[in-house]
Structure formats: C-alpha cells, structure tokens
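The following pair of complexes shares a single chain, subunit A, combined with subunit B in the former and subunit C in the latter.
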Partner chain A sequence: MNERSVVGKPLPRVDGKAKLTGRAKFTTDVVLPGMLHAKLLRSPLPHAKIRSIDTSKAEKLPGVMAVITGKDTWGIRYGFVDTPNYPAEERPIAEDKVRFIGETVAAVAAIDPDTAEDALDLIEVDYDPLPPIFDPEEAMKDGAPQIHGEITRNTSCAWEDWGVARKSHSYTPVNNVAARVLVTYGDVEKGFAEADYIREDRSRSPGTSHMAMEPHTMVASWDPFEQKLDVWMNHMAWELKRYWLHKTLDIPLPKIRIHKTYIGGAFGGKAPCFDYEVICAFLSRKLCKPIKIELTREEVFSSCRNSHRFDISIKTGVKKDGTIVAQHCNVIVDAGAYKCSAPVAMFLSHGMCDCCLDRKNVRHEGVAVYTNKNFNFARRGHGAPQMRLAADGQYDQICEDLGLDPVEFLTKNLRKKGDVIPNGDRLDSYGLPEAIKKSAEAIKWKEKRGKQRDKNRGVGIGINGMFSGSGYWPFACTAIIRLNHDGTITLIEGDCEFGQGPDTTYSQIAAEALGLTIEDVTLVSSDSELCPMNYSNFLSGGMFVGGGAVYNAAIDLREKLLKVASEVMRAKPEDIELKDKKAFLKSNPKRAYTFTEIQRYHIQKHLGDPLFGIGYKKAVPEIEFYPSLSKGTGRFTDAYGFTASTAEVEVDRETGRIRVLKIVVAEDSGYEINTAVCRGQLVSQAVQGMSDALFEEIMDDEGRVLNPNLVDYEIPRAFDVPEIEIIDCSDFEPKGPWGAKEIGECARAAVISAVVNAVYDATGVRVMRIPVTPERMFNALKAQEKK
Partner chain B sequence: MDSSKKTINVKVNGEPYEVSIKPKMTLLQLLRNELGLTGTKQACMDNSCGACTVIVNKMAVKACSVLAMQVNGKEVTTVEGLASKDGKLSILQEAFLEHSAFQCGFCSPGKLMSSTAMLEELENPTEEDIRRDMEGNLCRCTGYVQYLEAIKEVVRQRKEGSK
Partner chain C sequence: MKDFEYFSASSLQEACSLISQYKDVGKVLAGGQSLITLLRQKLISPTCLIDIKGLKELDFIEFDKKSGLRIGALTTHRAIEKSPLIQEKYNVLSEMEKSVASVQTRNWGTIGGNLCSADPIGDPAPSLIALGAKIKLVSAKGERAVALEEFFTDYFTTIIEPDEILAEIQLPPPAANTAVEYMKFATIEAGIKIVSTSVAVTVEAGSDVCKDAKIVMSAVAPIPLITKKAAEMLKGKKLTDDLIEEAAKMAASETDPTTDVHASAEYRKEIVKVLVKRAIKKAFEKAKKA
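So, the complex of A and B:
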C-alpha cells in the first residue's frame, strides 16, 4: 500500500456515462403506472387566521381524486431541530393560521397536473388577516405581533430512538424569539480592557436561494397490501427523510423504502423535511395510488428553504501590533415563520469559525427570530459565510485603521497545528497558514495591495474553516464490501449522489485498499432498503464519515484476505501484497494466489464465505448523544477543512459595477481522493462565493418574494466567471480515509470575504451589506464623494 | 379520438414518430411525457436556464419554449441521441467525462446539446464563442470552468485532426 494507484487521481466519475447520456434517473424522471399528480394551494397572506376552507367545488371537478386541508393532517409536527428545549412546530398543512406567503393550506391530487392546478382555483379560503412582522429586530420588540402561541409536543420527530431525551415541555416563544445561543470562553471584559484598539461594526448577509437545478420533487407509492411506502425523492440523506416520514405518518421504518435517484443539486437545500413530502406520502396512502409532486421554480423560491439572513454586530479588541485579544459577536438570525435550522445556524456561526484564529476571549451571542416570511435552512457553510464576512471585513478595516497588512494580521493570529481549541477539538491537520501564504502570493499581494486604487483595482483576502461532519446525533455510517467470486468487490454504502461525487470517490477508496481498479467495484448506494446506516452528507461529513466507513470496511476485508492468504501461502500477512485481484509474496511476486482461490480455500476450510468487509465511522466518537446547541459546549468535529481565498476586482466608479478579475482558492481538504472532483468542488465555491458577494439576494416586499425565478434572481453565467486558480495546501488528516477530510463547503465563505475586501481596496469604500450590487456600490461611492 | 388533438410527424434521434397531441403541448412535454425521453430536463419553465435544450434541424432550442406543433416534419436530437446505440459516447460526451465537466448532472444534457450545435456550426470557435454559447445554460454546481476546458479540448483535438 505504499504507492497509491487509484486514489489521488482525477479518474472519470462513475456516474458520468449515465448523466451524460440522459439515462441517469432523477426524481423528476420517475413515472409509475397509474400515477396521480398533486398540487399545493399556497397562502397569499403573510399572517392570517383561517376561518374556514370550502373544498366542495374543487372536489367535484372531474379528475380530482382528493383534496386535503389542515384538518386531515392536524397535529402532525416535525422540524430539523426537535429537542426537549426546542420542540418542533412545522406542519405539513397550515391548521388554523398561516404564517408566511407560500405556506401550504390545501393539497389536491388529480389525474394530471393541469387538473390539480385548476382545482386549486376552486378552493375557497376565508382568511382573517393578522398584522404581520417582517424585520427580525422589529419582531423582538414588545408589542410586536406574535407569530407563534404555545408550541406543544403532540406528535414529534425528535430523535428519541437515537438518544434524544423523551422528556419534553411545551413553550411559548416570547417576543418571537425562536432560540438563543450563548458561547463564552476566556474573560472578554479583561480582554477588551487590555486592548489598544477596539472597533465595532455591523454587517448583513441576505437570504439566498440554493438554486439547485432540479426543482424539489417527490414520488410516493403506497402498497396497501404490504402496508409499505416506496419513495423517490430529493434528499441529502435518506436516513433523515425516512425517519421524518416514519414519525409524521406513523409508518414503521422498514416499511418505508427510499430508492436511489440522482439528486439534481442540493447545497444544503434539500436536507430538511418539507411539507410537500409529508403531503405526498399522506395522499398516496389515502388513495392507495402513486403520487408525484413536482414543485415549480417559483414554489422553490417562495415555499422551500432559503439561506438565513444574518445581521451581525461584531466588536473586536486588538493590540497595536494586531494581536486579537477579545471579540464579542451579536448575531441576529431571521428564522422566518418556523425555526427549522435557525438554532443550529447561529451556533455554527461560532462553531465553524473558532478553528481559524486564536481570539483568546470570546463572547458569541445569537438569537433566532420568527418573522412572517418563508423560513430557512443551511446553505453551503451554514452560518459560516455570514460570520466570516463580518469578521474578515472588520479585520480588513482594523488593518486599515492601524496601518497593518491583512495577510500579516491573519498570520499573526493563527492557531497552531496540534492546538486544542476551547471546545476540546484538536487541530491534527491545519493547512491554513500555508493557504494564506500561497493565496497571497498567487494574487501578487505585496505588489498590489493598496497600490492600485488609481486604477480602481484592489485585492482582498478571506479565510474559513469547516467541520468534517459533526456530533449532530446520530452522525455515523456503516459500509459493507462483498468479495465477489471473480475477485471484484461490491461496495454497499448509503451515501447519496447529488453532484459531490461519493459514488466515485468511495469506489476509489475501497479499490485502493484492496489493490483493485475502480472498474472492479460494483456500487450499491443510496437505497434505504439495501444499504446500511448512513448519516453523513451534511456539515461536510461525506468524505470523512461516509468515506471513512468505506475505508474501514476495505481495510477490514483486506486484513481478512491477508489472514487467509497467509494460511494458504504459509507466509506472514505483512509479507503479502494484494494487487490485480491476487495476493502475492512481496519477495517473490510469482508466488501468487487469486482472490478467487483464496475465497475457495476459505469456504473449504472455514465452512462458508464470510469474506465481507464491514466498516464503521462516527463523526466525533466522544459525543454520546448530541451537543448543546444553546451553550456550544463539547466537541464539534474531529477534523476541520480550511481555506484562504484572495480576489482581485475592478470597480467602475461611473456605474458601480464590479468586475472580478481573479479568484484564488487555497484549500486544505486533506489528501485529495479524486483531484478532479476536488477541483470541481472548489471552483464551484469560488463562483458561488463571488455570486453571493455581488449578485444574490432574495428580495421581498411585505413578505412576498419579488424575484422567484431565474431571470430576476441572478446567478453567474459563463461570461461572469473570472480566472480561477486553485491551490492545493492539503495537510494530511490522520483520522481521515487516506488522509482526506472536508472539501464541499469551506471555500464559499472565504471567497465572499475576499471579494468584498477587494472592493474596499479598490475604492476605499466599505460596503458591509452583500450583495454589493452596482446600485449599492454606486450609492456608497457617491456618499464617499460627499464627505 | 379527442377532436381537439392534432397529429404531427417528427423524427426524434433518427426514429420517426406519429403522435396525436393537444396543440398547447410544448416540445419539452412531448419529449418527456409522450415519448418517455426524460434525458431532457425541466428546471425553470420560463426559457431562462437552458436545461431543456435540444437540437431541432441543427439549431439548439429550449424545448420548454417551443410548441410540439412547431417541430412537425422536423428532426429533433436529444441527449439520448448523442451516443451510438452500442454504447460509444460522442467526442463531446467523452470530453465531459474526462474533464469532470459535470457534477449533479441535471443541466448537463442541455449543455451537451447546446455545445453540440455550436460545434457543428462553428468550425473553430474561440473562447468567447464558447462562453457566448454557454450563456444560455445555467449551472449551479460546476462554475463552468471544467465545462469550458472540455469544449476547448474538443476544439483543439479537431484542429489537430484536420492538420
């Protein structure tokens, strides 16, 4: 296993031929015999009581098979967070009240989508409007309209089977506060007292859309004889979705099968439980027919999860030389109508960022606030991009104020490899210092920083750190490898393929360990009935946890093979090598036995064929249940990925238009299993980060989304993409498979800060509200001229 | 037969079809729902993303914005028609595979069709030509870079081949 022949290479992806010939099955492509189509009636009001709903006309429309309202699903509750302190409050269909424009109030199943759509127009809902509230800071004031009354735990999807305590209590949110977090360490007051210079700043990151290309879709098919539900759906971890369907509809877990489909992009936006999923399964069971729900692009924008708007106040104290001595962050998260992942987001805005720099004395306060808007979930970084913008923008300004260089400032405050950070995580791999150095060199930092303002050009830098999976219970995976009779293997693992490449990279991990090629691997993945436990594909745990389980399974099979081979060959296992479906003596490669022969021997001598490899991996083995979200104590992750990004921009002072000339992403993602897949992840984040900095914002007026389509919600097109340079600064991660760790989420945040800081360097004007649209830039430049 | 329906004749991926359809049916609906060719994707339904791009008589069009009636008597090529029937990928598909020019794969069929038409039309496209062609095809995963590289490689190989 010295020289690596399968991992570390840009091998073509195993899902390529299916995806490039149109044969890859996505959920939208699933058609079943007798399938009906369902459409959802959405609330036109942001906040209102439902007096009554009359569905009689819709029910009489020919072709309509069923109409359901909140009365049918009354009492069903679910949520991404459902713990004793934060019981779930989401519901599939509004009951007596609507809380945002776009909330589902009824659903129709019909013979085709047009009939279902026509029937929606015939449903009469009598609303009693209530005063709405849209701004989180206004919503927290005394006297503001209250969006939720008492939240009781009637049904739940708490993870009690997995260790979350059963004891729970009802609670009534006060001043629309959905959740709070407070993390402290060190002595913040003492730290500020020792500081030579203190700055306070505010920033805002808007709500954005994940904008996965495949609109959210589900097909459910209930078998009344077996009492079983077959499902094809958009997801990022079928274990979660299956658990939610089990809890909300009271169907036993083994009686729900989520079939493998390819997922047309996710970026966080397909992980939580959605109303349409519960409704789809509910209708299928009610009618004993397959049901398809395919959301429109407008519904994806206005009724599916977007990313959280964050308003952050940050106060930092530094010494004259730039050493950070204290920091106090106040984070306001706009949860929207239901809390969903908001309690996690405000905690993660600390958790993910604490690994980068040593800030010594920290106080991180967060509050998640209900508003009458569509609610939100993680998007690629979950809280980190918003926090890094606030921090890295402020550091940039502190350097300006004190005459320091931002690259030197960051370097001075770095943590060290091997450090144990305040929550107990140890930085076994820490490529951030090298990433900062190399990203600065690649953009020609020394030559350019502060020297191109006459040309309206500037450079900026941003950094970030990201978990490789976390202790969110039960964050663990199992993988099974079968040795086939011809010496090839079948890898059975649960991870789902939404573009990030696990089908390919996991096959590489297993092949490498057994001396095989990637063509020798048959893959069974992402099917809840065929695959063992898999919770890994969020918080960037895919490679580290899912890939780690595959690695452990492959090593298990390798050791078994070596043991049997040593019996056959009368040699020590350490003297035997595995290659080309053979075991041979290292000293005499001609003395070889094929895997088939070894297996035959094993059946003869050991009464059967147990040459299976089994591997397990848990994100943070020390976490027995789940970490405290409200206090942020305890371990977060076993390995962090790191990024430093630099960017160069040019600003047109006449129009406010910003052109990005170059983005550099220097990344420590551990050992790269597939270098082409890794590069794809980083380029992707460079473009998304640039887009966040300059383009993307969900615009709303009185709770109505104003840009719910791909014309008005701008994402980069081919001409917008600048030169992008990717630099591998990987540090070997001892706990990762072949040394690999996180790569999918870290870079986006660093790129946002780099672009925004570069805009400052080009103009001398700091805009701390993204996206920095031409209008915002132009107005900021005009305000500068007036001064 | 439903009197509101019209009959059209269309050749799709070389095979002739006679289908009876409602006049308001789009080409995208014809392909996906009537002919079962689900390789062509629906992502926006308002002509803005390009995921449903197919080739009609050598021209790349967005199938969500063309009525099925408009392809009466024409030849349509979809992503299913690019590779040979015995499993050989087209040069462009091969390049996409080699360059990892896709991730989730949902926009890839549209991109393949649009670029295939562009490569037929332009003998020696410049980077600007390629980017202009790509403008109509949104991609959220790749950031377009590896996609651009794949097409440039095809152009380069073609130039070498013609020498």
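So, the complex of A and C:
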C-alpha cells in the first residue's frame, strides 16, 4: 500500500445523487398498505396528578381505531442511563402523574392524522395540579416539591444483560437530585495555596434544540403471524433502539427489524429512546396494522430531548506566568422531568475537557436536578460546550487581569503528545498545539488582539477536545466484506447515515485497502437484520469505531487475498500489490491475476469461498465492568479529536448587536478520509457554535416553551453565515483507520468560546450567559457605562 | 388543521361574489404565508377558503407620471423587490422587501395578503404609509379608497369588511426634495423584527430645513405606528444632530411596545431611539440630494 488513491480525497457522497434528486428514502416517505396514523395528547400542566382519563368520546369518533393511556403501558420503564445505581424511570405514557408540559398522557391511532388529532380534543383528563418547580437551584432546597417518588427496578438493565454481576436497586431521589458526580485528582487545596492568583466565575448555557431538519418520525408494522415488528425510524444506532423496543415491549431481539432509511440530521438528539417510539410499536402490535407517527416541530421543541442547561461555577488558581495550578468546577445540570443522559452530561463536562490542558489539581463536582420541564439529551459535545465556555471565558479574563496573552496562556498549559492523562487515556495524537498556533495566525491575532476596541472590533480564541467513541458498554462495531465474483466488494456494516457521511467514508476506507475505487463498493448498511453489531454513531465514535471495524475487515480480506495470490503466483505476499481488481508483482506488473481468477482458484482448492473480510473494533480496549459515571473512573476513550477556533466580531455599541466577521476552525481529526465531508462537518459546527453564542435559547414561562417554532427560535440562515476558514491540523492517529479519529462534535464548543471572548475584546464587557443577544449585550454595555 | 372547503376564484368578480356568499365563515387566501400558519396552529378555523392567488388581474405594477404607482394586491414581495421601475422610483420599497422573511416566502407571499394579515411586525405597511399610500377595497357592492394609515385598527385587525377584497395599493408620484428611508433591527438577518422604521423627510430646496417629515414604525404598537410628535419637532427646523436625537427620543416615548421572546419593551424603546435617529439622518442626507 503505497500512495493513497481513494482516502484523503474530497470524493462526492455516495448518497449525493439520491438526496439531490429526492429519491433518498426517509422515514416520512414510508407508506404501507392499511397504514394508520397516531397522534399524542400532551399534558398542559407542568406537575399534576392524573385523577382520571375519559377516552369514550374519542373512541366513538368515526375513523378512530384505538385510544391508549398510561393504563395500557403501566409499568414500562426505559432510560438512556439505566445502570444498577440509576434504574430507568422514563415511561411511554404518564401513569398517575405528569411532570412537564408536553408529557404524553394518551395516544390515538386513526385512519388519518387529522382524525387522530380531532380525537385528542375529545379526551377528557381530570388533573389535580401539584406545585411545580422550574429552577434547579430552587428544586434542591428543602421543602421544594418532589418530582419523583421511589424509582423502582423494573426489568434487568442493559448493564446486567451484558454481564455486570450487580443487580439494580430502587432508590428515592432526595431534594430532586437525579445524580451526582465527583471527580478529583491531585491536591486541590495545595494547588490553590500555591497559586499567585485565583478567580471565581459563573456562567450559564441554556437549553437549545438540535434543530435537525427532519422532525422525529417512525413507522412500525407488526406481523401477527410471524410475531415480528418491522420498523423505520429516526435513530443514531439501531442496536440501542432495538434493545429498548425489545425490553419495553418484550419482543425477542431477532423479531424486531429496523430497516435502513436516511435520517435528516441528529446532532445527538435522536439517540435515546422516545415515548412515541414505544407507543408506535405498541399500537401497531395492538391493532396489527402499520402505524406512522410524525412529530411536529412544536413537539420536537416541547416533548423531545433538548440540550442541557448548565450553570457552572469555576475557580481557577494560576501562577503569575499563567501556569494553571488548580481548578474547582461546580456544575449544576437542569435535568428536566426525567434524568435521561444528565448523569452522563455532568461527567462528560469533565471527561471531554481533561484532555486539552494540564490543570494539575482538579476537583469537578456536579449535580443533576429534576425540574418540571421537558428533559434533555446530548447535543454535539454533550457537556463540553457548556464547560469550555466557563473555562475558556475565565482563562481569557485571567489573562486580562494578569496582562497575559490568551494564546500564550493556552500554549503554556498544554498537555504533550504521548502524555497519559489522569484517567489513563494516552494522547497518541495531539494536534491541539498546532491548531492553536494556526488559528491565531489565520485571524491575525498578534496584529488585532486588544488593538481594535476603538473600532468596536475584537478577536477571541477557544479550544476543545472530544472522544472518538467511549467506554459506554458495549461500544463496539463489526463489519463484513464479501469479495464478489467480478472482483468488486460488498461492504456490510451497521452505521446509519444521518448526514455525517459514513456511507461514503467507510466505502473509501474499504476500497483503499483493496486497491479498488469507491464505485467498486456495494454497501449494505444500517439494517438490523442484515448488518453485524453496531454501536458507534454517537459520542463521535463513527469513524474511529465503525470506520475502524471496516478498516480491519478490509485488511483481513486483503491479507487473505495476498496469501492466495502468493500461492497462485508463487511469490511472497509482500512482493504483491493489489490494484484495479488484480494482484500483480511489484517488480513486474504484467505478471497479474484478476481477483476473479484468484477467487476461482481458492473456491476450487477449499471447496467453497473463504474470501470474506471480517473486522471488529471496540471504542476502548479496557473492559470496565463496573463503570462509574459518578466517580469518573476508568478509561474514557482511545483517541481524542481537538479544535482551536478563533473569531473576529464587531459590536454595535448603540444597539448591542454583534456581527461575526470571521470564524477560523483549526481541527485535528486525525487523517481526513474524505476532506469534503470533514469540511462540511466543521463548517456546520462553526455555524452552530456561532448560533449558540449569539442566538439560540429555548425560553420558557412556568414550564411552557415560549418559542417552539422556527419563527420565534431563530437560527442563522445562509446570509447570516460569516467567512469561515477551515485549517487542517491533523495529527496521525495510530489506532484509527488510516490514521483517522473523531470530527463531528469537537469544534462547536471552541467556536462558542471564541465568539464570546471576541466580544470581550471588542468591548471590554464580558457576558457569560449565552446567547449574547443584542439585548443582553446592550444591558451589559449600559452597566459598563454606569461604572 | 381543521377541514375546510376550498374555492379557487377565476376572476375578481367571482371572488367578490364568493366572499359575499361566505363572508361569515370564509377567509381569503392570497398566498397563505401567514394564513396557513394560523390554520395549522388552530388559531383560526374557517370552514371555507377562497383562493384568489391565481387572479392575474390583481398582479401588476403600473406607473403614471401624474397619478403615480399602482401595485396589484396579488403582486408578490419578490416582484416588488425586483421591479426595475420600483428600484428606480420607489427604491425604499425594494430595499424594504429584501428584508421580508426569506426568498421562498417572498416568491409566494403577496403584498395584499401581507397588509390584510395586519401583523404589527409586518414590514411593508410602514414604508407604504411613509410614501402616502392609499388602498382600493372592492366588493360585490362597489369599491372604496382608503388611506393605508387608516386601514389598521388593532393586532391582526383592519377596517376591511367581511365581504371586501383589497385590490390594489396606490402611491403618489415621488415628491421633490424628498427621501424615504427604511431601517430594521432584528437579531438575525431577515429574522423577526424587534423594531423597524420608515422615515420620510422633505427638505426646503437647497437648505438644511425640514419641510415635512413622517415617521412610521412597526413592532412597537398594535398597529403600524405614526409618531406624529416626533415628526412635528422636525418640521420647519434645521436638522441638527441634537434635534434629530431629541426627535428620536420623542418617537420612543410615543411607542407602546410589548415584551416577547425576541425583546423586552424597554429594549425596544431603546432601539427605536437609535433606529429613528439613524433613519432620519440618512433620509435627510438623501433628501438634500433628491
């Protein structure tokens, strides 16, 4: 394998033509004979007991086929975090109590969506309102309304099913605390005692919507004769969804088939189990009819998972020269009505951030708190953007206080390539130093920093690190490659295509190893019945784990091919090269045999066809049977991606409006398999990061979302996007496929900090509550004038 | 969305007769960029829709030196934005249209539909009022002309009778020594306006003295708001920076904005001061050259 000819190139997407011409099949395109439509009745109250539900009028409406309530699904539990310490407490339909506005209290299946919706109006629910609580800090106080009683063990949890000896146990949350985390290393007291300067700051990042273009949709079809469920749905790993459908509805795993559809964006928001998914399958089985549920954008805002609101207090001690000696972070996560991934987000706000800088002595405390609001899940970074804003904003201010340069400050505190960080992860690739240097150069840091306030312009910098998949059990993938009789291959792997490009990049990975072109690859992907194990497309594990499995399968097939070729050609395997569906001698390319000939020889010799490639990979090699989210022990990941971002902004001091002039994203994602796909990921993160910094916030009043639509929840459109410069600072990752690692989540956090810090440079005013809307900026500027 | 009966009118006459027949239960569909949202959110549930979008006779832009400009009610925002005639003679309308929602919406939404939906954050009304627009309302019984500034009565409410259709908008010929300037303020480009204003300034030829002024704003009151006191302050005076700033403050005091997810009432008033100041200055500079 000499020069690379398929990877490292901006090849067109293999799904591009289908998507451009509208032929690509999304879940909404699935229409089955006799299909019914279901709609969900949502709670109008944030906290109430359900006295009774009268569905009789709805059932009598012509066209209504079934009405179900919590009585039908009583006792079913699921949750993203479902561990012995934290048994699941989510339920498909509220039982005796509702905990947020938008919680499902009933579902109707009817001949069309309008009839189902009309029937919702006929369902009479008798509520007994309870006092609600919305603010996490208030919710933790003694005497606050308690959102959950005892959370009881329901069925075995995923961890038990995968061999953990401990049984899960019931528990009752105290003062609405859903989970706590405490990670420490070094001696924080001693560190602060040695510091020349200590600062404490607070920041807040709001709940936001993932804003996937496709609202959540599912079609389920129960075959009563086969006792089998066919599913088309929005997901980020069908293994997870299939497992939850199996557990919640007690259907054997092989009797659930999740078919491939394209998914219109996810950004983390489609990975967990949702109420509508269990309901859709439940109704299909009950009626023996296909059921479609398509949520509206309003439902996505009010009833699907959003990102977590974080309130962070951060205290950092530094030496005069800017060397960090200690840090104490206190993180409050607004979990919402159910904990979902809140325990993970709290932990990740440490886990993802620890790879960037050497802070020496660290104490990271977190608490996730139940409130009577819609609940939350990962959004592109899952805790990292919130934490990085707190840290990078504070570093920027420390530099201002001590007369240091932020770029030099970050450079001084960097870890080193090859370092083993406190949890045991080793930084085999670490492109962050170069990314910081190049992102600063590209924004003309030295010429501009601190020198443009008279023009109301400023520059800022932010950084981030991100896992390439994690120790989440059983985070692993397998891939199979069949050598076809014409010398092409069929690649069979499970990853789903929600825009991030695995169909294309995985095809490139396999083609490169076998001397083929991307056109020689036929892909079978994202189908639970056809594909081997797949748990990779969240926590940015797609490329490293899923792509890694494909790489290993391709290398497996390559080695088998070379071995047979060496027999046929009577040459050493290392003297043979594969190219254009042929094996040939490096020294004499004319001496060549086609893959077809080699395969024919081998089938005859072995009475069959053993030329199959099989590859597998786990995100973290160490098996942690007792993972502790709450202590943050054990390995996190096997490779980190890194970003440094700089931004230049201009502030209208009269109105507070901020205009971003330029964003630079310098990224180490390892070797770039498809440079166009990578570029797309980074541009989209730059836009999302800018949008987080300046625009996006789910606003609520007494638990009701005030802006659940795209008119009132504003996101940038094409003409709001500034100049974006992408710089490839890849550091070859020895454990990654062709040297690749994560790309999809890292940059967003760095961009947020860069923009917020640039606003400070432009104005001398620091706003640590995002989004920095014109009004927040205006008020901060007025407060500055008064001083 | 509730079910409704759908009629597609093939002439203005047919539309008028349909609407007089269904006036109590029907709604006119003239593009639907606002109406469909209201239907989907179940804020209104008419039992019949009368679609007039296809009426070519209400889709025109015509100019006459003496009588001025006539815009058919079913002219799309995009057509107004792109019209060379409007760009040359009423450029503020073209500039204003550029910030009406997105291109997709402008391609389908109509000027008449926009005015009749009477959303107080709408962009076209303030600019048209600043230009002295009248509108023609027709019904099976006849027609009448009304000054646009008298058209709006409250949030989403106008003086239009249930059996009337807005047929056209009429603008006087461009006045001498006059300029009209449009300015908006939103968090994102083409986002929901926090405030927008259209300011018309007429100067005494060859001087810095303001002969006439009109300041109209959106998103700061239930209807497009004409801040008369502020405009009065400018008339007959030499326009200095101090005077302009005082007038802008007066304009802010005349507004009655509300707080919503986009901005607080207090902040809107602050933005009015800035925007009106900037718009007067710009209109003044242009008027001197006009």
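Criterion: the second predicted complex is superposed on the first by the 777 of 787 C-alpha atoms of A that agree within 3 Å, B and C clash if a C-alpha of one lies under 4 Å from a C-alpha of the other, contacts with A are read in each partner's own complex, and residues count from 1 in each chain.
By definition in this document, contacts are C-beta pairs under 8 Å (C-beta built on N, C-alpha and C of every residue); 3 or more make two chains touch, one makes a residue touch a chain.
Keep in mind it's a predicted model, so treat the numbers as computed, not measured.
In the superposition on chain A, A:F719 makes contact with both subunit B and subunit C. Once the two complexes are overlaid on the shared chain, A:A676 sits against subunit B while remaining clear of subunit C. In the superposed model, A:G501 makes contact with subunit B only, not with subunit C.
Contact with subunit B, but none with subunit C, is seen for A:L20 once the two complexes are overlaid on the shared chain. Touch criterion not met for A:G450: it reaches neither subunit B nor subunit C. Contacts of A:V711 after superposition: both subunit B and subunit C are touched. By the touch criterion defined above, A:F778 lies against subunit C but remains apart from subunit B after alignment on the C-alpha atoms of chain A.
In the superposition on chain A, A:G8 makes contact with neither subunit B nor subunit C. Shared contact residues of subunit A, touching subunit B in one structure and subunit C in the other: 711, 715-717, 719.
Across the complex, subunit C is touched by residues 114, 118, 654-655, 657, 694-695, 699, 706-707, 711-712, 714-717, 719-720, 773-775, 778-779 of subunit A.
Those residues of subunit A lying in contact with subunit B across their complex are 10, 12-13, 15-26, 28-29, 31, 210-215, 262-267, 296-297, 498-501, 676-677, 679-680, 683-688, 709-711, 715-719, 721, 724.
Remark: subunit C residues 1-3, 37, 102, 185, 187-192, 194, 261-264, 267, 270-271, 274 touch subunit A in the complex. Residues of subunit B touching subunit A in their complex: 32, 36-46, 48-49, 51, 78-80, 82-83, 89, 93, 96-100, 102-109, 112, 130-132, 134-135, 137-146, 148.
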